[in-house]
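What follows is a set of structures to go through.
Here come two complexes built around chain A, the first alongside chain B, the second alongside chain C.
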Partner chain A sequence: MMSKGKKFFQYAFLTIVSLLSVFPLYYMFCGATNKSTDVVAGRLYPGGYLVENFKSLIANQDLARALFNSFRNAIVLTFLALLICSIAGYGFEIYHDKGKDIVMTILLMAMMIPFAAIMIPLFRMFSTMKLTNTMTAVMLPSLSTPFLIMMFRQSARSFPHDMIEAARMDGLSEIGIFFRMFIPTMKSTYAAAMTITFMNAWNNYLWPKVILKTNESITMPMLVANLLGGYSVDYGMLMLGVFICTVPTAIVFFCLQKSFAEGITGSVK
Partner chain B sequence: MKRKVIALLLASTMVLSMTACGGSGGDSGSSSGSTASSEGGGSGDNTLTVWTWDPNFNVYAIEKAAEIYAQDHEGFKVEVTEVLSDDIETNLTTAASAGDYSTLPDIFLMQDNSFQKYVANYPDIFTDLTDSGVDFSQFAEAKVAYSVVDGKNYGVPFDNGAVIAAYRTDYLEQAGFTIDDFTDITWSDFMEKAKVVKEKTGQPILTSQAGSPDLIMEMLQSCGASLFNEDGSVNIVGNDALKECMEIYVQMVEDGTLVEVTDWDQYVASLNNGTVASSINGCWIMASITAQEDQSGKWAITNMPRLERQENATNYSNNGGSSWAISSNCDNPELAMDFLNATFAGSTELYDDLLTAGTGAIATWSPAKESDVYAEPSEFFGGDAVNSKILGFSEQTPSNVTGPFYYDARNAVGTALSAITQQGADMDSEIEKAQDTVEFNMGG
Partner chain C sequence: MKGSGKKLSLERRHNLTGWVFLIPATALIAWMSFYPMIQAFILSLQTGLGINLKFGGLTNYTRILQDATFRQCLFNTIFYLIIQVPVMLILALILASMLNNKHLRFKGLFRTMIFLPCATSLVSYSMIFRSMFANDGLVNTLLRGIGMEPVMWFANAWTARAVIIIALIWRWTGYNMVFYLAGLQNIEYSVYEAAKIDGASPRQSFFKITVPLLKPTILLTAIMSTNGTLQLFDESMNLTNGGPGQATMTLSHYIYNMSFVQSPNFGYSAAMSIIVLIMVAVLAVIQMKVGDER
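So, the complex of A and B:
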């Protein structure tokens, strides 16, 4: 048993740390409801300027389109990436052989290459294929990522082979085993992968900015960046933009929080 | 049951990928529309594509210019894509490195300080504007110099970056001064008066973003000095002007009359919250100052102090500003040139509108000064006609060498400066280090 004093300090410590990590979010929210000059003055409580900030935000930027584009890109990308990477990860582990190990090693090595290094060749590739300004070009490079494949491979390792054997005996096809047995068992891994992919897709800035050149294809991170472009910055409006940009990822995370922790640690129920 | 599940999954995949295709189809549709118009060229085509940033400033300006131009040129319009300055530079680099210029717009805006670098590294991006019909002599000389490489013009100057010294007149009054006591003065005079202001009001006279040598660069240009020689070699060690600037800066930090703040937001905060008595910066800082409406009438604008040891010392300098460039991907460069010539290099109507609409964009085109709008007094700045005053400042600003490695040199000086003010490092050895850093970057 822990002594009371020890417990007190533990809680005190955790309270302080959680306050520290929640504070920026709170400050962002307050900023969104205050006038620019009040934000600069460091006002720490909510104000009544939210509506004005919102009005100037939609007058300044195409918020609806940015939200629509961001959601569309993130949802479609997450769905396809999860499907493709989980099939790949499953394949690497269940139909395991030496050749696949080598391929996997190469894939893992690809993880080490920073995006900035492949950006120019990628751009050239897509512009030769006449794919600039398309959603396909935004998504293709991150549709299959070594990290997700590795994650699914690791979790497939804990998937009992006996179950596969039994299912085969019962006459279930290989595709059937994947969709009927693997996916339902691996819910938490999918949840974790979904959170990560959604956040990455939502926050992606550099590549979309390079490949998309029209106002119509604006996404939320680009919108926030645009708010910072001027000689003078309207901080209230900026905070509101950041706030709107943060909310969806926060919701996704909170909804999948429990499964996320399980999926990352790789436990199977 | 299982078939149903599989069927459902496959169906939903299809639907989603179809929406994906649909979306991309729509996007490529709109983009092919714009490429068709930019590739179309010829006489019937009247649309120019533009990359620029800031809806309240540059975007507004180019759209207004298009509106004015369209009055005599029916059907003319611009298609503006909002791209940040840094992203324009990334996109230019990507396009040039990939050797594919087809994605570039017809016209783009470029920061003056980056101009030399991009023309030197990627000359194929730009269109030579020397014989475009633009009368460059009507612009402030130092402003034009930013976009001139090997005697050729590559940019049409746009907004003004002339340095102003904006003072809180109520603070000056408390210390027994008026704005005239700070006009046409030298730095040592300024430093002495700053001490009095500090003593009487408790406020420093200047704030500065730590590690960012904006002030040093402004001081350097005010005497036509630079961190580079004419031949492009680094001029940091043994540069007496630089040393004088740094000595002034360091001395003011020691006196407590210049306070270093952590970032740009803190700098703006010091102006808005009244914790500083003045700001010496590009004239665009006025937009941040006037954001605090309560301080209306408490500010006044004059020129900056001048150096003493330097021969060509003046009270005028520049910080920031940008110019329009025409890309090599432009299929109708004559139209683009004529458009820029008729508006940014020929329309007082445009520059008047930019002021009355509240964009804060001040011209560098001298004829704009003659208009009544420029002579209108500003209540915020104590009834002074600040706009024509600033345009006058920019005409007297000395030109200096920026060179392709401007930002490398600037960053190296910033590093040296913070090492001296914050860690008490020795000035001469830090200056030497800065020179080594820049030379290393240039060799690499």
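So, the complex of A and C:
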């Protein structure tokens, strides 16, 4: 058994790390409700300046537009990416043969391509196609990712072959097996994939910054970054912007946390 | 005879179905990753500003060798990599093996709290840390409170780099911890109990059981983190804006500035991005080799 001292040390260590993890978020929350000067001075309890901060935020930036764009981009992207990548992961595993395994290995190499390397050609490509400032341009580069395909391929490994055979006997088509049997069985993998994809889509900053140039197409992270412009930074307003930008991903995370852990477990086997 | 012929055609049909299933994803990756990669390589052999490009051979690459800013950004990026990635992964591993203890109370609460930073966007947490470490910000107020001299965090190269590393560790440790926890789920808990009965200390079971059995997961997280650190952008851009001077600027930030700020020099940027690609690939291969041998 562990000695009392060691046990105490373990709890103390975990408590300190947990508090340090949450503290900056608490700081953000307090900041959103305080005056800029109080935020900077480090006032660590909620204040009554929330409404003023909100007023200056919407006077400064088009918050509704940014929220709408971010939600639309992230939801459409997540839906399409999950569909495209899961059907591919399923195809790679269930119908696997030598040719498909080679294709998968090549796709995995794409994981190593840094975004900075392909950003310029992509920008030029979308400019020639006259697609700058569109949702299509924001989404296309991250619709299909080797990471998601790999995740679904790993989880398809645990999908029982007997079920497929039985479904074929019952006359279900191959695509029917995928939609009616694979998707409902793999809920936790989908939840994990959804959490990761939604968060990445919502938080993506570099590519939207490159391809979206108009005020109408602004996204939440871009709005937050814009708050730094100007001669003096209003930290209360900034923290409120950061807070609003964080709430949607935090909600997704809390709702799907349990299945997220299960889904990751299935995919690192 | 007839039966086997029918079976073959059925197999072929399934085989074809498989290809149809993976074509959209494969085509998208080819179009959005591999094709631009080739374009970037061609672009890296061209010189000129804006759209006036002409073939320049290896001019861009020889220019990189003489570019002091590139060297500075390369140094910064590698510095973040060798300090931040090992510290973060070791911390994540320690936390995961502590949380894997069956008898630990408040396990779920600890896990949720440590993973929570992952819910913030990169831009958001950059702003939070920027505000906390501001000259008259919270951290300096606390330092003054305990009678220490305040530190001008963003005015000095090393303290500015330290803030970036602290911020990175804060944001990503929980993320990696979840991967380790997931990997630990696949190790039978009885293995640990048997080791304990045999008199193994927690330290011994950590090094003799946890680390070897988690090797594939550790490899995965090491490659992901290396890749992520070499591509660092949001933090450099929003937390320190590359400053003071270019002391904290990352390669991706420099490439971005070269291509989209002032007069764009796509050819030179593409050449630098090819260097980043080579670094990522070489490090991934080294990590896989080391992972195989141990």
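Assume the second predicted complex is superposed on the first by the 254 of 269 C-alpha atoms of A that agree within 3 Å, B and C clash if a C-alpha of one lies under 4 Å from a C-alpha of the other, contacts with A are read in each partner's own complex, and residues count from 1 in each chain.
The rule we apply is simple: a residue touches a chain if its C-beta (ideal position, glycine included) is under 8 Å from a C-beta of that chain, and two chains touch if they have at least 3 such contacts.
Predicted, not measured: the structure shown is a model, and the values here were computed from it.
Applying the stated clash criterion after superposition on chain A shows that chain B and chain C collide.
In the superposed model, A:A225 makes contact with both chain B and chain C.
When the two complexes are overlaid on their common chain A, residue A:M237 makes contact with neither chain B nor chain C.
By the touch criterion defined above, A:V40 reaches both chain B and chain C. In the superposition on chain A, contact is made by A:P146 with chain C only, not with chain B. The larger set of touched chain A residues comes from C, when the choice is between chain B and chain C. Of the two partner chains, both chain B and chain C are touched by A:I120.
Judged by the touch definition given at the top, the superposed model places A:I87 against chain C, while chain B stays out of reach. Once chain A of one complex is fitted onto chain A of the other, the partner contacts of A:V210 extend to both chain B and chain C. By the touch criterion defined above, A:A156 reaches neither chain B nor chain C.
With chain A used to align the two structures, chain C clashes with chain B at 257-265, while the other stretches in 149-157, 257-265, 347-355 or 383-391 stay clear.
Taken together, the two structures place residues 40-42, 119-121, 123-124, 175, 206, 210, 225, 228, 235 of chain A in contact with chain B in one case and with chain C in the other. On the side of chain A, the complex with chain C involves touching residues 2, 6, 10, 13-15, 17-22, 24-25, 27-28, 31, 39-42, 44, 84-85, 87-88, 90-92, 94-97, 100, 103, 107, 110-125, 140-141, 143-146, 149, 174-175, 178, 199, 202-203, 205-206, 210, 220-221, 224-225, 227-228, 235, 238-239, 241-242, 245-246, 249-250, 252-253, 257, 260-261, 264-265, 267-269. Within the complex, the chain C residues that touch chain A are 14-15, 17-22, 24-26, 28-29, 32-37, 39-40, 43, 95, 98-99, 101, 104, 109-110, 112-125, 127-129, 131-132, 134, 136-138, 141-142, 170, 173-174, 178-179, 181-183, 185-186, 202, 216-217, 220, 227, 230-231, 233-234, 237-238, 251-252, 255-256, 259-260, 266, 269-270, 273-274, 276-277, 280-281, 284.
On the side of chain B, the complex with chain A involves touching residues 2, 5-6, 9, 13, 16-17, 19-21, 23-24, 27-28, 30-31, 34, 53-57, 80-85, 87, 90-91, 94-95, 97-100, 102-103, 105, 265, 268-269, 272-273, 284-285, 287-288, 291-292, 320, 360.
By the touch criterion given at the top, residues 36-37, 40-42, 60-61, 72, 75-76, 79-80, 83, 119-121, 123-124, 127-128, 131-137, 139, 172, 175-176, 179-180, 206, 209-210, 212-218, 225-226, 228-233, 235 of chain A touch chain B in their complex.
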